[in-house]
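After this come two complexes, each holding subunit A, first together with subunit B and then together with subunit C.
On to the complex of A and B.
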């Protein structure tokens, strides 16, 4: 990473750290949602941007993380977020490992349809096993029963919501930073380069001795764990988990994050997830036809900005740099 | 001493006998050219040896080891590498990454997930040295897709060479480039491959290139071997002249 990029990252982290102080509870809550979704986008993009596999079933991992938290709270009486993270990561990893065996043997539309179909199976199970999952009523995950840092921080009392949002924001921010750093390391590791090689030219990668399925499966696993973690962090914020989190539009939203920000660069899906969250919230507040608004944005994006927001900004920056260099010479 | 041997190797596509009972031997250290008209079976033979295709019958040996049913990565471990007729690169990766990836694969380091690729000084140094040998030292930071065709051909060979195989198959390394680039590519490839002590089998159509660079020439026609010998002998062979060059000696 160049010094300039490192300085930019440090600046962004400082600005993010100041959000609860400057912007108040509601904006902090919105950004917390954005950061949890950004973790899901990071995981998703390991598959799409770096391995060349479009998943339409990532709601399965988001939902598995969220439902694990709710089930642990309801049936095991767990309140520690650290234990939820442990349980949720294990269950998401187990699911990804299993689904990965089926899915990674296929690519393109076949992979997309398989992931979609398997996530819909989970959605149906969440509906049908209502005596466990609560069916359409879902399962509540009240923040007042949550503890952070091994019980050091809890949220009793009437005015606890604002305090919860502040503490929870910082908790999510730290995890977001860790996940981002980890993913950056992964995509720049020999493993990450191998995934990109498979994306660019599967045949040639095979003739370097790379076992394609094994690498795709590992990418699927890591991707599922990241998205599962996002589901774990999302549910205390939402307070409730219903089968909707497993439904295909949720997977569509994750795809939208990547397209909006740009999936051929590292920061794109992160920016896409945060912006999408604001877009959705404000579009819902402004018009009952919010889905049309989002649809139009998607069409405009695909037609005029196929590289997404970050990708287009990078291209413009490169063009400006080239122009300046030409003028200078 | 023979490095690779095939016995009665056959591959038919319906009525077409692409490879029809070929007994092929490659000796250690030689620079061998495999020539023939289009459809003679050259690429199919290489595809069979490299596990891109499975033979209908026959056997393939590396030394004494039967690799007829071995997988691609088993054959790579046995020392066989190849390049492709159409340039086959990782287009969105840098030139350096293309070669480094090959070295990571050879060293069994591609599973390293929590280490930066560029921080592996030994791999980076080897990749840069190799690129310099192939005349691509100044292009290491460029994306593979941004290279000129001749450079792409060289990088294609460099990626296969970086596996440090015992036996390297190069499928038309000079196709689609200018006459000037052809000589430059073959000078570089021949010098690097011979310098590295690697046995090479080159599929080539340009007979000037074949006669200039090869130690031995094998001519294929309709799935069988028509002639096999040193360049001078092949040049005088009347069958070769008739079927391959369309002239009489």
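On to the complex of A and C.
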């Protein structure tokens, strides 16, 4: 990382840390949603951007994380977020390990359909086994029953919501920074470089002795865990989990994050997830026809700006730089 | 025993609908190599257009005359498909698959809201068509004549599409394009025209399926999203790009669905998706698929 990039990252972190102080509870809450979704997008993009596998079933991991929290709260009486994270990471890792064995045997369109079909198995289970999962009514995860940092912080009382949002925001922010740093290390490690080699030329990678299947499976596993964590963090914020989180259009939204920001770029999906969240919230607030808004944006994006927001911005910057260099030479 | 007969008829009716949807999806994939995520929306459009036109003309025309609106709705959906292919989809043939999937996913979101915009959130029905044909007694149990008639329509449609693809000159061009687009273009086939017609035909079939269904169940928002994954299951079992596969897949899926609903309703859809996943694992090209 260059010194300039490091300064940029530090600046972004400082700005993010000031958000609850400067902006109100509502804006903080919105950004918390955005950051949890960004963790999901980070995980997703390890597969699409770095391994070249388009998953249309990542709602499965988001939903597994979320449902694990809800089920633990309801049936085991757990209230500690750390225990939720532990349980949710274990369950989404188990799911990813299992689905990965099945899915990474295929690539391209078959991979997409396979992930889609398997994620929908989970959706129907959540939807049909209503005596366990609450069916379409879902399961409630009220923030008032949540404790952070091993029980040190809790949110009793009626006016605790603003306090909850502030604390929760910082909690999510820390985890978001950890996840981003971790993913940065992963994609720049020999493992990450091998994934990119497989993405760019599978045959050559195989000639070099790379065990393609194993690398893809590991990428799938890591990707599932990140997205599962996002589901865990999302559910106390939302207060409710319904089968919608497992339904396949939710997977489409995760793909949308990556394309909006630009999936050939490390920061692209993060930016895409945060912006998508604002887009969706404001589109829903302004019009009941928010899907058409999102659909048109998606079509325009893939038609005219396939590199996404971050990718396009970077290209523009490179062009400006070149122009300036030409002027001075 | 009569129950079994009725369930077989139910299953065949459902198979006819599924075949029309899945064959269209498969045709579009086979010829153009595009997996159309918005395909379910054309089914929904067919249902809405049919229910709406039957509702508007319902008081003016005799019930028997209303049947004309079912094929008309399908034609309307086919025309919409032609327009969408030539404007939206065409720039994507040379682009990677991810973008093709995404543009059709965007189209799905748009069409879902277009339906909401035009017809609102209340379900539309066209049950007058079912009522006009009355019931027939099968072993002492009443069964709607409409369903039996539509099974016949499904059979005719399957035969018609088969003849179209395998017995006409256009079908030869279609199959040639599907096998090798560049070679077909080099031989002077107007590939762009084949593409737009294949897409229109696929949409027409999905629209017809929707039009057939809507007299028996109301057109509701979300029906297109819901049916898409089941159509995927059908083409995955039968083999992406194969018409025979779509037929066999539709029969298998509808039979399975009828059986699971009868015996263990909760696992109905889960069983279907699992079977699709297993088929993909053992035979990624499906029962009738060709190697790509």
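Simple rule for what comes next: the second predicted complex is superposed on the first by the 329 of 329 C-alpha atoms of A that agree within 3 Å, B and C clash if a C-alpha of one lies under 4 Å from a C-alpha of the other, contacts with A are read in each partner's own complex, and residues count from 1 in each chain.
The criterion applied here is as follows: a contact is a pair of C-beta atoms (placed from the backbone, for glycine too) under 8 Å apart; a residue touches a chain by one contact, two chains touch by 3 or more.
Note that the structure is predicted; figures quoted are calculated from it, not measured.
Once subunit A is used to superpose the two complexes, subunit B occupies space next to subunit C without a clash. Of the two partner chains placed around the shared chain by superposition, subunit B is the only one that A:186 touches, whereas subunit C remains out of contact. Judged by the touch definition given at the top, the superposed model places A:210 against subunit B, while subunit C stays out of reach. In the superposed pair of complexes, A:118 makes contact with subunit C only, with no contact to subunit B. After overlaying the two complexes on the shared chain, residue contacts for A:129 are found with subunit C alone; subunit B is out of touch. One of subunit B and subunit C touches more residues of subunit A, and that partner is C. In the superposition on chain A, A:196 makes contact with subunit B only, while subunit C stays out of contact range. Closest C-alpha contact of subunit B with subunit C, superposed model: 16 Å. With the contact threshold set out at the top, not one residue of subunit A is in contact with subunit B in one structure and with subunit C in the other.
On the subunit B side of its complex with subunit A, the touching residues are 50, 52, 72-73, 76-77, 81-82, 84, 88-93, 97, 100-102, 104-106, 109-118, 120, 159-160, 163.
By the touch rule above, subunit A contacts subunit C in their complex via residues 48, 54, 56, 102, 105-106, 108-110, 112-114, 116-118, 120-121, 124-125, 128-129, 248-249, 252, 255-256, 259, 288-292, 294-299, 302-303, 306. Put simply, subunit C touches subunit A in their complex at residues 35, 37, 88, 91-92, 95, 97-99, 101-103, 105-114, 116-117, 225, 229, 232-233, 236, 240, 265-270, 273-274, 276-277, 280-281, 284. Those residues of subunit A lying in contact with subunit B across their complex are 185-186, 188-194, 196-197, 199-201, 203-211, 215, 218, 222.
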